[in-house]
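Questions regarding the structure given below will be posed in turn.
Order as written gives the chain letters A, B and C; numbering starts at 1 within each chain.
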Amino acid sequence: MKRKVGRLLHSGVGLAVALLFLLPIYWIFTASLRQRGLPPPTGIEWWPSPATLENYPYIFNLLPMARYVRNSLLVVGTAVPITVFIASIAGFAMSQEDEVWRRRLLIASIVLLMVPGASVWLFRFQILRWLGLIDSLWALIAPAFAAGSPLYVLLFFWSYRRIPGEVFEAARLDGASAWVMWRQLARPLVRPTAVTIIILSFVMYWSDFVSPVLYIFRTDLYTLPIGLQLLKQLDPTNWPLLMAAAAVITLPVLVLFIFLQRYFLSDLSIASLMDQN
Amino acid sequence: MKPQQFTSTTESSKAKFPWKLPYKAQMRLFLLPYVLGTIVLVVIPAVATVLISFTEYKAVGAPRFVGLQNYRDLLGFGLVRTSLRNSAIFLLLAVPLRLLGALVLALLLQRKGRMFGSYRAAVYAPTIIPEAAYALLWLWIFNPVYGPLNLFLGWLGLPTPDWLIQPGTARLAIVILSCFQIGEGFVVLLAGLQSIPRSFYESAKVDGATWQQSFWQITLPLLSPWLMLLTFRDLIMSLQNTFTPSFIITYGGPYYATTFAPLLIYELAFDYMRLGLAAALLLLTYVLLGLIVLGILNAVGLGGSADEA
Amino acid sequence: MFKRIGLLVGLLTLFVWLAACQSAEKATVTFAVSGDAAEFAAYESLVASFSEIHPEIDVQLQLVPSDSEYRQKLATAFSAGDPPNVMLLNYRRFGAFVAEKGLAPLENYLAGSEIIAKSDYFPQVIDAFYLDGSLYCIPQNLSSLVVYYNKGLFDAAGLAYPANDWTQADFLAAARALTQDVDGDGRIDQYGAGIEPTISRLAPFIWQFGGQLVDNQEKPTRLTLDSPESLAAFQWFVDLQVKEHVVPDAVAESAQDSESRFLNGTLGMYFNSRRSTPTMRTITAFDWDVAPLPRGAQTASILHSDGYCMAEQTTNKDAAWTFIEYANSAPGQAIVALTGRTVPSLISVAESDAFLPADSKPANGRVFLDAAPQIRRVPIMVNWSTIEETAGQEVERAFYGHVGVQEAAETAVTLTQPYFDEANTP
């Protein structure tokens, strides 16, 4: 009996915490449903009345939001697959390296993880210009060719290292190429990690605000975070509109997350995520 | 793994790849894009930034070598001290709170079951909100009169502070919003908890240990490497992550209360157009953080264990 | 399932890429501005009409959402040696780019022009773009600080509309009458006036009180916010909030800023330059107009102006100049003026229907032009914007009652001194 009460209490506290963390997201959506031009609420308002969806078409008319959505989708649609692929093969190769190189790469990656973003702003511009990528969406996709972030390589590395060596031995004796080893033997075993990287890198490219400001001059190439800033510039305290735009920019990552979270936060993937014994 | 299966696949692959590099070279080829890309996009720009911290560089025109002059200028610049003090206060509040929050939530929500899976997802959810939208959202939440937070507090009959208007509460506001984005630490600690063999707890139970005793004697010691790793990462990341909220929500105010080092670096570079000075402050901040990390390592007596992460 | 989704994503991405690919080959001039969508529309139509006359030049418009991102972008682009060819800069900011020879002098271009001449412009505004004897930008506008007022609220309070020669005392009386607790809940919900606590808003009042912003307008060596006249003006300015409570306090301003209060009809008078006009024209609920700044012992207002500047590194300077010349010719300025955003710097356009159309608001638009003779400007220095922002922090602190005027002025003087010294060391 006492045990049952304890379990119930545990579930109750869990639910309360979950609701607390969902509150900010809930507020984005309810605020976006409020009618424009009404005086601000004077009491707590759990559901706006009248609730309206008209703020959404309104911001799409006010600004070329559809174009920004297209550009953002183009960037993540291109960058995420490249990131996952390059991080995966790099992580795999790292796990196959000998002790000395593995250690060097590991330390270098951890150090690189600590490099603050601000330190690369200026000179990345010059490199991208030299590569002829300024003013093209490739400037935003470019980090994908460096695996997005050393973190992603490390996560893949830790997953691949957990695969017992015997899995590869027969294939190696058989003279299999690295490509085959990765594609047919290793890759299927780290799917939860790949899902994790898909979510993390999707969020990274999708939310990137500084890169388009710095590297994109053509307004027809702007992405959603810039759109949000343009809207804020236009009407800095029009909360229903701003929250509608925030909802537009949050919704895709949220949907992706809800769709993939059972892989991402499933018991199995958590265990394999950073466990390295 | 069925042995027949990969025999057949490797045979077909021989036909596909007539050219044959040694296995090791193939592995190096796999590393090439990552290594090359990182050198071009991260290492070279970062090293260049370190170098310009020794120059007078005003964006327009060429950088001029001035030795340590920028660092001397930083010492005499009152805002630098303010920003470092603000950053220290932020880290002192945010890092322990974030770690504690992640730990408590991981302990609370590690239970198996469908509902708890959803609860874990809910805790992670704020972490994925794009930062520009996240900052705007909190700007509205903290609105002193119409914001949902103060309306909620008023509804509960609690005091309603002027969040972003008083220096103390403005800093606290930035700490609070950072405490809702703890998904990463939460996931890492869940993984850490799962790596503790269940048998440890079972034998402790047989010995008659209470819940508290197993926490202090089993859970915490075995989690400490993870906590250590997270502390270092959080020291660096959470400071860096103050940039967007302090830029969008408070723009450093009220009266410099939320002028954290990253925001001042930004201002030095793009408002004052003194890129050399900005680079010097960037370097100084991270050297100071590095010293703190080393200090913690020494205090804990774990010198050098960070390499094993 | 994953494979199929992956394939779908791949195909979609490829499709959108193909649709996005376009190319063009022409003499290209890049032109950067910062601003909101309405301003962007104005510059888009300017560029469109330019390309009708000069089809051989392709002007690429670059819009950056806000001022701070604009500066970030310019600094990055300049440091990479790839700045926009033409950029719109405020006269308080262009100095930073001149200091390191980032901008091309335009005096010779202007002298050689067959379309525009120096004498076509209001003299006060062309002077603002000279630094160390050279002209760096061609001004597109000259705005002064004015008072937007809600006629409906004036009527409801039984007040006469502001006259063109109204005084600070008239202003204060109106502001007091307009500040009300309409719904009687003990919280003021209608304010008399709204003004940003910044140097650019305070400066005209300092001049009206006979004070100065700096010791020497041409070669400034210190801020003179602490002189008796400046202090008197500063005190008057701060009293609007601290003593009279006719402007929103810090909490009220942060809850809802003055501009949106004005738009919602809960603020009587709002201080801004011409830049607010397009936004104000969206008001349908009440009638509004503009009045000149109320006068003190003297009349004075402050210059707001942006100019077209050319980067020194521009390869095709003639094409860039052709665009600047067109943008500042009568047809060019007329296009931008039609949006209501600017007060043209060309005297002929300012006096024309493009700026003063009979049927559009504000009805009293002449006040922008009538202010021209009394208009004054902040000093032109390489780092003026930094000085202004640093001192502005102190003004804000005093305005919201956190510190006395005397102390704020002294702190501002102390904190800005290093920047003056820096500007004066060769």
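FYI, a residue touches a chain if its C-beta (ideal position, glycine included) is under 8 Å from a C-beta of that chain, and two chains touch if they have at least 3 such contacts.
Keep in mind that this is a model prediction, so the values were computed, not measured.
Taken as a contact graph, the chains are fully connected, with every chain touching every other chain. In terms of C-beta pairs in contact, the better-connected of the chain pairs A-C and A-B is A-B. Centroids built from CA atoms put subunit C at 38 Å from subunit A. With each centre defined as the average position of its C-alpha atoms, the distance from subunit A to subunit B rounds to 15 Å. Residue numbers of subunit A whose C-beta contacts span two or more other chains: 40, 121-122, 229, 232. Contact of a single residue of subunit B with at least two other chains is seen at positions 145-146, 266, 269, 275. Contacts with at least two other chains are made by residues 72, 76, 79, 255-256 of subunit C.
Interface residues of subunit C facing subunit A in the complex, by the touch rule stated above, are 6, 9-10, 12-13, 16-17, 20, 30, 32, 35-38, 40, 60-66, 69, 72-73, 76-77, 79-82, 84, 255-257, 260, 264.
The touching residues of subunit B, counted against subunit C in their complex, run 57-61, 78, 143-146, 162, 164-165, 247, 253-256, 266, 269-273, 275.
Within the complex formed with subunit C, the residues of subunit A that make contact are 39-40, 62-63, 70, 73-74, 77-78, 81, 121-122, 125-126, 129, 134, 137, 213-214, 217-219, 226, 229-230, 232-238. Remark: subunit C residues 68, 71-72, 74-76, 78-79, 96-97, 99-102, 250-252, 254-256, 383, 385-386, 389, 393, 396-397, 402, 415 touch subunit B in the complex.
Taken together, the subunit B residues at the contact with subunit A in this complex read 1, 3, 6-7, 9-10, 13-14, 17, 20, 23, 26-31, 33-38, 40-46, 48-50, 52, 105, 108-109, 111-112, 115-126, 128-134, 136-138, 140-141, 145-146, 148, 151-152, 154-155, 180, 187-188, 190-192, 194-195, 233, 236, 240, 243-244, 262, 265-266, 269, 275, 279, 282, 286, 306-307, 309.
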